Structure formats: structure tokens, C-alpha cells
Amino acid sequence: MNPLYEIKISCRDRPGIIAAVTRFIHHELGGNILDLNHHSEEEGHIFFLLSRFTLPPESEPLLHLLNEQPAFQELKRTYDWSFSVYDPALKPKIALLVSTTDHCLYELILKVQEGYLDTEIACVLSNHTTLERVARQFDLPFHYFPTGDDRAGQEALLDEALRRYNVDTVVLARYMQILSNEFIRRWEGRIVNVHHGFLPAFKGARPYHQAWKRGVKLIGATAHYATEDLDEGPILYQDVAPVRNNLSVKAFIQSGRDIERKVIVEGLKLHLERRVFLYEGRTIIL
Amino acid sequence: MNPLYEIKISCRDRPGIIAAVTRFIHHELGGNILDLNHHSEEEGHIFFLLSRFTLPPESEPLLHLLNEQPAFQELKRTYDWSFSVYDPALKPKIALLVSTTDHCLYELILKVQEGYLDTEIACVLSNHTTLERVARQFDLPFHYFPTGDDRAGQEALLDEALRRYNVDTVVLARYMQILSNEFIRRWEGRIVNVHHGFLPAFKGARPYHQAWKRGVKLIGATAHYATEDLDEGPILYQDVAPVRNNLSVKAFIQSGRDIERKVIVEGLKLHLERRVFLYEGRTIIL
Amino acid sequence: MNPLYEIKISCRDRPGIIAAVTRFIHHELGGNILDLNHHSEEEGHIFFLLSRFTLPPESEPLLHLLNEQPAFQELKRTYDWSFSVYDPALKPKIALLVSTTDHCLYELILKVQEGYLDTEIACVLSNHTTLERVARQFDLPFHYFPTGDDRAGQEALLDEALRRYNVDTVVLARYMQILSNEFIRRWEGRIVNVHHGFLPAFKGARPYHQAWKRGVKLIGATAHYATEDLDEGPILYQDVAPVRNNLSVKAFIQSGRDIERKVIVEGLKLHLERRVFLYEGRTIIL
Amino acid sequence: MNPLYEIKISCRDRPGIIAAVTRFIHHELGGNILDLNHHSEEEGHIFFLLSRFTLPPESEPLLHLLNEQPAFQELKRTYDWSFSVYDPALKPKIALLVSTTDHCLYELILKVQEGYLDTEIACVLSNHTTLERVARQFDLPFHYFPTGDDRAGQEALLDEALRRYNVDTVVLARYMQILSNEFIRRWEGRIVNVHHGFLPAFKGARPYHQAWKRGVKLIGATAHYATEDLDEGPILYQDVAPVRNNLSVKAFIQSGRDIERKVIVEGLKLHLERRVFLYEGRTIIL
């Protein structure tokens, strides 16, 4: 099998970038492009590119090749590229942080099990013991780190577990606990959260109660990267469902469960497929 | 043809209301119920009922009958009813208030023309002359009331026209002009507005620009009753459409047009069919 | 607690039915109506009614009361009612028939577990052993009835198990095995099936392959009652999802899984809530 | 302004195509790629590519350049390309063929007027005089070609008008008249039709009546290229809307109107933007 690689590039937009990239991959690396997606941001004149390509069977690892290639150094200088390179053969590992609600946890486990999410669940971590039974049903490691007065201590335990399991991405699957700014900074761009409301409409606590009181006709949920300002992180995926206005708050919450589990899966999928670029607090998704 | 009536009732919920209403219509009035919808609001213990029924061919007008019926007075006292009675044969008249954007205006005219909205457009009123050509295309009266320093004077002209045309409901079809609290109070519950954003997410000016900057993945629009706090009126209808995150603001606005024209038509339709109850700043729709 | 009942009535449409029913419940039975839904079928002049009501605490069972009530016998005669009476306190039991695909099975188990479907899963029956592990994960009885040359014998085993577990409704959750006409007749109106295609567009085998070849832009799934002509049963629920036209057949199938699990849950929910009337090969859902 | 061009290429898939195209545009033509979309069809090993690019200000016309370029002839030979080249500055002209229903006609006119469809309506042609008033409202040429015994004669008049107005694409906007195979062959790939049903579910006449009788829970419409087998043409766009099962056929038809006008606009838009490739009776849309 030929080794498969992905490259993500962003830079100021200017003529000839696509031709330069494709020529480099084809001629200098001897690669074959399978996919190429790009977007030029009109307002900021920024260019984003994502490409998957194969290299010949006996190639050296890509990063190695790039470092040695004067042509690539030249391209980097010319276009002032930010770039990252991935080896799709390395399956990323995720940790699921949960509290007491099980619908997002079940959905993530099942979507990994059926191969829709191309990742490995390294562990389930929780500040409650409630969902240990779900982890056990699927033979997943479960750890209970209660939150008490010593938040720093609890987060140290989380961190230690994430390191031990070689976790790449943390998924807050209805983890109803505020994380410290330090923790969030350490994992910046690698914590996917689900907000059980259509952001930015209903920030803060009890969004379904807020929505019900306001008499909205659609409820929604939002998957986003966690940032220090918890409800302001860059949005990955959103969805809504119509609610008949004469439903109770309880029915709003129940309708919300299916949307929450959908957005967390779709948002995480975009992240795992590395289709997401961050730019000025927004996501650009290719 | 037997005369057709509608009755709307709201009161505190208690046993036997449906039986009392249906028996009264059938036995005391000799009527035949065609439709009956009701809803009990769990949290407030409030009951809402909407029914259409026919009376025998030679009946007196319903309000006349009700005033003379001791049984009805008794029911009103027992249940402490708020009620209203409508004659569906009387087609309500609407006025369309517009500024310079034509998509909501065209849609409302076409939906009335094809009979989807059961109403008559009495006149088109505007603070610009831009859309006079559209009114002329469909032979609708058009009046130009420019807004300058004298807002009270302009609103007096509006009021005078609405009275002259016997208008029942005012539709703000992208009328980009703030109305005074006095005007809004005079027409309370009879002004349908379209907000070009998914309320309450993006209040205020330029909602599509706000949405684009925030990187939302769905944009929406909201039809609601106008209240003194313009973006807080009870919501009639909402809809959304997915936006690819790499679209420009201009494309956001373009995608928004179809949602705006849909929600103004559907919201107005619910109002014209008298299916809307107002309760604590929300709508209950039967 | 006052005992709660449901009554379903269908008959030829004529004046006064609603008033007659509500008066009977309120006056003869001393009941209190919580909900009442009805529909008059214009084309066939048929009337359908569904109502939930409570009786006073010390009432006799409803069927008992009705049999003794001359007033009810009178109503039945006058309107020529088909009617059925339910005791919502008796939770219906379902059996899940599966083959080798697990997504519908998991979804049904989880939706029962969280209370969205108000039923009890009595057993999981299969013609393969593949999904025994899923039943075990949730401590559900599992029985393996292989299909070989003796279909009649296999169906006798199915029937015996369904009787032993007091099953009310059979759910074909991707049970990829044709059932005999005799079996289907025995369970008429009580077998809910999911067809992995948007009926009636893609009947028969491999609907996603058919859809892909035809280049459709939406794929769907259908929940319906099983009838002797398997793909022609009355439809309970349908849903679709857009497919990008450049997806592979495999991606069509993957996208279809979420729609299948949604329609089987929603179709079954309508059935379990007894909101479905059968009329001329269609469903009327109140 | 630099001249803008589009190129569409399809060929058997093989390594290096993207690099070859982009290098050619950039190096041989001195062009700058604005957009590049591609798709590899797994099952048929076919490659499709669509690209927009600018040439330097004083360039000769693109087709001229290509014919003179040995490098391009070489590429064509190497990859066995089917290709077409467009000048986006030349706005395509469309003719609207209508009968008596106006909703698709109004929608197409309005979407052209607001710039959503980048085309010019050259004329409105009809076999009835009913919609002449709509054409007049918008100052569009209208011609009445009645269909009688002489279909060939009527189609000759159509053809003559289409030629006279330099029409590029014919839109059948609810033109309820069968066209001859000869006519369809002459305009192959350039006739966009709307079928008022979700193909392939309800072919033939009165699809909403068929759908209602079958009790479907979603109704839809389909935009497709007209082919000799009228309901089998390659699908451009489809959409559906949920229908409450207790609606009348009339309400089905009314709900269908909004879907029909949406799919005809979106399907035509894809065609006008040249994003459609035809392949084995399906469309591939980039």
C-alpha cells in the first residue's frame, strides 16, 4: 500500500497557490492527489487548503521529506504558509468526559463501534459513578474523579489520565462541570463540547427552560470547541428540530436529546477528519 | 348554507370544560361542531380552546344569541371565560408596510392571489417610493408616507390610511422603520413583523453580519407580533436553513430571503386563521 | 389516583358526534376529558376520534361500565361506532425481531430505557446469533430460531415465544426474513416494520443500490405495518436525508442507518400511543 | 478586469490529473485559479473536474489559446479528456414554457430579477393564453402556440422562436404538454423540467393523488433533465415536505407548490452554473 498523507495549509491569498501546491506534491514528492479542497475567504483574503495524497511505496515519512526539500522551504517562505501534516494511518484517541446523562455517551460509543467515527475511545472519565455501567457494557476503561473543593487536584488527575491513555482529543459529552482556564488552554483546539442549546441564543444554565419561556418554535444544540469563555467557542456543527409550542419544558428537553447526540457526533467527525480550520474565532470547514 | 362561526376560549383549567362547551354548542345553540382543538398548559393550569361550528340556517347572529342565552352567561361565570367569537365569512383586511426590499412583498401578494392566505390586501404603505412599481403590477393601492423629522405626523398619516381602508392587521414586510410605542399599543396583537434573524440570537441591526461573524452553521428568521420592545414580541413562526461556513455575508443574506418570506407567510397565516393565543409573552398555537 | 382511559371511535361522519361523546363521558360516566383529537375524512365522510379521560377514583373498570350503560348502547346504535377502549396503565410488551444489523436494535433498546417509548421489551428473537451480545449487554432474553428448510416450523417457534412472553406488538428491526402470509395475518395491525428505502420508490431488494443508480438527491426510510404484500403496508412514518450526489453506495447505506432507526422509533411510538387508525390501506394518525 | 473562464473536464481517473491541469493553467496559460472542484467516481473510475480561473488582461480568447497550445493537445491525448470551456461573461438565455399554473413562472421571474439566477429570460412560450398577464406584468415577450392536431407544426413554431431568441436552455415550468422525441433530442441536456412528485415514486399523471392514496408522510418534487422517457431523466434537485396524514388531496397539491418552485429554481441554478456532469443516466454535481 502506498502511504497516505494529509496536508493543511493556510496563508494570505495570492495567485498561483493551488498550482504551486499540486505541482510540488506531484513533481517534487512524486505523490498522487486524491482530494483537494480549498476556500478563499473574501473578507480577510485568507486562503485555506486541505489535500489527501499518496506517496510512492518506499518513500520516507513525509515530514522528513519536507524538512529536506529546498523546494518546500522555498514555498513556505514565498507564501508564508502555516501548515500541518497528518498520517491518516495513525488513528486518533479520544477520551469521553461525562457526568450523569447517558444519551451522548451511548451515541459516541455506537458511532465509533460501527466505524462512522474513525477513532478509538481510550477511556471514559467522570465526576460521577452513574455511567460506569455504560462503560462496562462496552468494556471501556472508566475512571471516577469526583469534584469537591480541590478542583486543581481533580484536573491534575484528569490530565494524568489523558496523558497515560495518549489521548488526542477530549470530548465533553454532557460533562456538567466547568473546567479551569488553565486546563482549557492546555487542550486548546482539542476539546469538543456539546452545548444543549442553539448558541448564541441561550447561553448559560438551563437553555431549554429559557427557550420554552421565550416561546421559540425551534430548539437546537451546538457542538463547538471549548474556550475560556465557555459558550463562545468556535462552532463546529448545529442542528434544530421544530417544537410544537404547546409542549412542556420536559418535552423540550426530550426533543433536545436527539439533537445533542447528533451535533456532538457530527462536530467530532469534522474535527477527527481534520476538516476544520480556526480563524478569528470562527471555524472554516473544508 | 349554514352560517359558520369560530369561538376561542381561555380560562383556568378544571374538569368538564370540553363537555360543557360541546354540549352548549350542540344543545343550546343547535350547532354542529366541525373542529375542536384544545390545550391545557401544565405549568400555568390554563386551558385554551378553539372550535368551528355551524348554526342552523335561520339562526340569529351568534353574538346576539350568546348575549340572550342565560346558559352562556352561566358558563362564563362558572368558568370565568375569556372568549371571542368570529364570523369566518368576513374576510380580514391587511395592510403591507414596506421599505425597499421586495421579496416579502411579492410573496405576500402571490400567496393572497393563490388563496393560500385567506385575506384581502387593502393597501401597500411605504416610507419609500421604490416598491410602488410592485404594487402597480398587481393593481394595489400604494401610498408614500416619507419619514422625516415629524414621526408623529407620519404615523398619523399611516393611522388615517389604515382606518380608511378598514385594515384589521398590519404586516411589517421588511418595513425598516421603528414605530412609536403609541402606534404599537393602538395595534397591539394586530401587527405581524418579520425579523431577519433567528430570535433571540441576533437582535438589533444587521443580524446576518452578526451571525456570519459568530460562525453559526444555520441562519434563520422569525415572524412575531410587534411589541414595544421590538425584538421581544411573541413568536409566531421560525425557520432556519443550513449555511456552508465558507459563504460570504452576502450569501448569508441571500439565503435568508427565502426563510424570511416563508416565516412571514406562515406566521401571518396562523394569525389570520385565529389559531394564536397570547399568554405570558408567548404564543399558544392550536 | 383516578383511573385513566383511552377510547378510539370511528364511524360515518354526522352532526353532533363530538358533543355526544363528550357529554357521555362527562355526564354518564362522571369522567374528565384530558385530551380529545378528531378528524373528519372529507373524501370518505368518515369520522375518527381519540380521547383520554379519567374516571372517579372508585369507578368500576370502563368496559364493565360501558356494557351496563344503556346510554352507551344507544350511542353505539345511533352512530354505528367501531370503538376500542384501552387502559394506559397496562404497559404493552414488544418483541424485537432482528437479523445481523444492530443499529435499529440499539436504538429501540435505548429509547425504551430512557422512557421515550412507553413499552417493555419482552424478548429479542433472531434467525442469527450475531446480536445475542447486544441483548446480553442489556440483560434482555434472546432466542435463536434459525431459518432453514422448515419455515413453518421456525414460525411456530416464533409464535410460541411471542405467546409465552405475552407480546402485544412485533417489531421487525431489520429482520431480513420474509414472514408467511399466515403469520402476518395472525398479527395483523401489530407488526411494525422498517423498510430501508423511501416507499414506494424503491421496493424490493437493495433499495440503496437502486437509489444510488437512479441518482436521487434524497434517501429515506419508511416505518409501516407489515401486510401480505410486504412493501405495501400502511405507512406510519417516513423521513429523508439529503445525499451529496457524489457519494458512494456505501455512504448512502451509512446515511440511511440514522433514518432507519429514527423512523422505526417514531412509527412504533405512534402505534404504542394508539394514535393510529387504519382506513383503506392508509393510516390516519391523530 | 482579467477575463474569467471555466473549464469542465471528465476522463478516466489516473494519477496526476489535478497537478497536470493546475500546472497547465498556471504555467502555460499564465492563469490564476479561483476555484477547483473535482470528484473521482469510485465505481466507474471516472474523474470529473470543474475550475474557474482568470487569464492575464490582454490574453487571446481561451479556445483560441488552447487550439494553439501543443501542451494542451498533449494533455488531451495523454488523459483522453472530454472538456468544455465557458466564458462566464456571456449570460445564458432561457425560455420558459408554461401552461396554466403560475407559481413556477412567478418564482423563476423573481429569482432572475433579484439576481439569484444569473440568466436572462428571453421569452415565455405557452400552449394557453392564461399566463400572458404574468409575462406582461414583467414586460417579457409572450407567445401563444396552441397545441391541436398538428403537434409537429406547433413544435416547429417553438423551435423557430427558441432560435430567434437565441435561447440556450429551455425550462419546462409546469408545461403540461408532452414533447416529441425529436424535439427532446434536439435540445438534449438543455431542457430542465419539474416533475410534481418525488421521482421515481410517483411517475405519470396526478402524482399528488397517487401519494395521498398511498398515505405517504412526505411529498416531494423533482427537477431533472427531460429525456425521451419523460420521468426518467437525470435528476438535478429534489426536495420534500412533511404532510400531516389527515390532509386532503387539495392540501397535498397546495403544499407541493412551494416544493415545485424551489426545485425548479435550484435545479436550474446548478445547470446555469455549469456544475452538472451527466454520467450513465445520473448527474454528478460539483
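Letters A, B, C and D mark the chains as written, and numbering starts fresh at 1 in each.
Here, a contact is a pair of C-beta atoms (placed from the backbone, for glycine too) under 8 Å apart; a residue touches a chain by one contact, two chains touch by 3 or more.
Remember, predicted model here, so these are calculated numbers, not experimental data.
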Both-way neighbours, i.e. chains that touch chain C and touch chain B: A, D
B-D against A-B, pair bridged by the larger set of C-beta contacts: A-B
Farthest chain relative to chain A (centres taken as mean CA coordinates): B
Between chain A and chain D, centroid-to-centroid distance (C-alpha), Å: 38
Whole-Å separation of chain centres (CA-atom averages), chain A against chain B: 42
Interchain centroid distance [CA atoms averaged], chain B/chain D, Å: 38
Multi-partner residues of chain A (at least 2 other chains): none
Chain C partner contacts - residues on chain B that touch it in the complex: 15-16, 18-20, 22-23, 25-27, 32-36, 38, 40
Complex interface listing, chain D residues touching chain C: 39, 41-43, 198-202, 213-218, 220, 234-240, 244-246, 248-249, 281-286
Chain C-facing residues of chain A, complex: 102-103, 106, 110, 114, 116, 137-138, 254, 257-258, 262
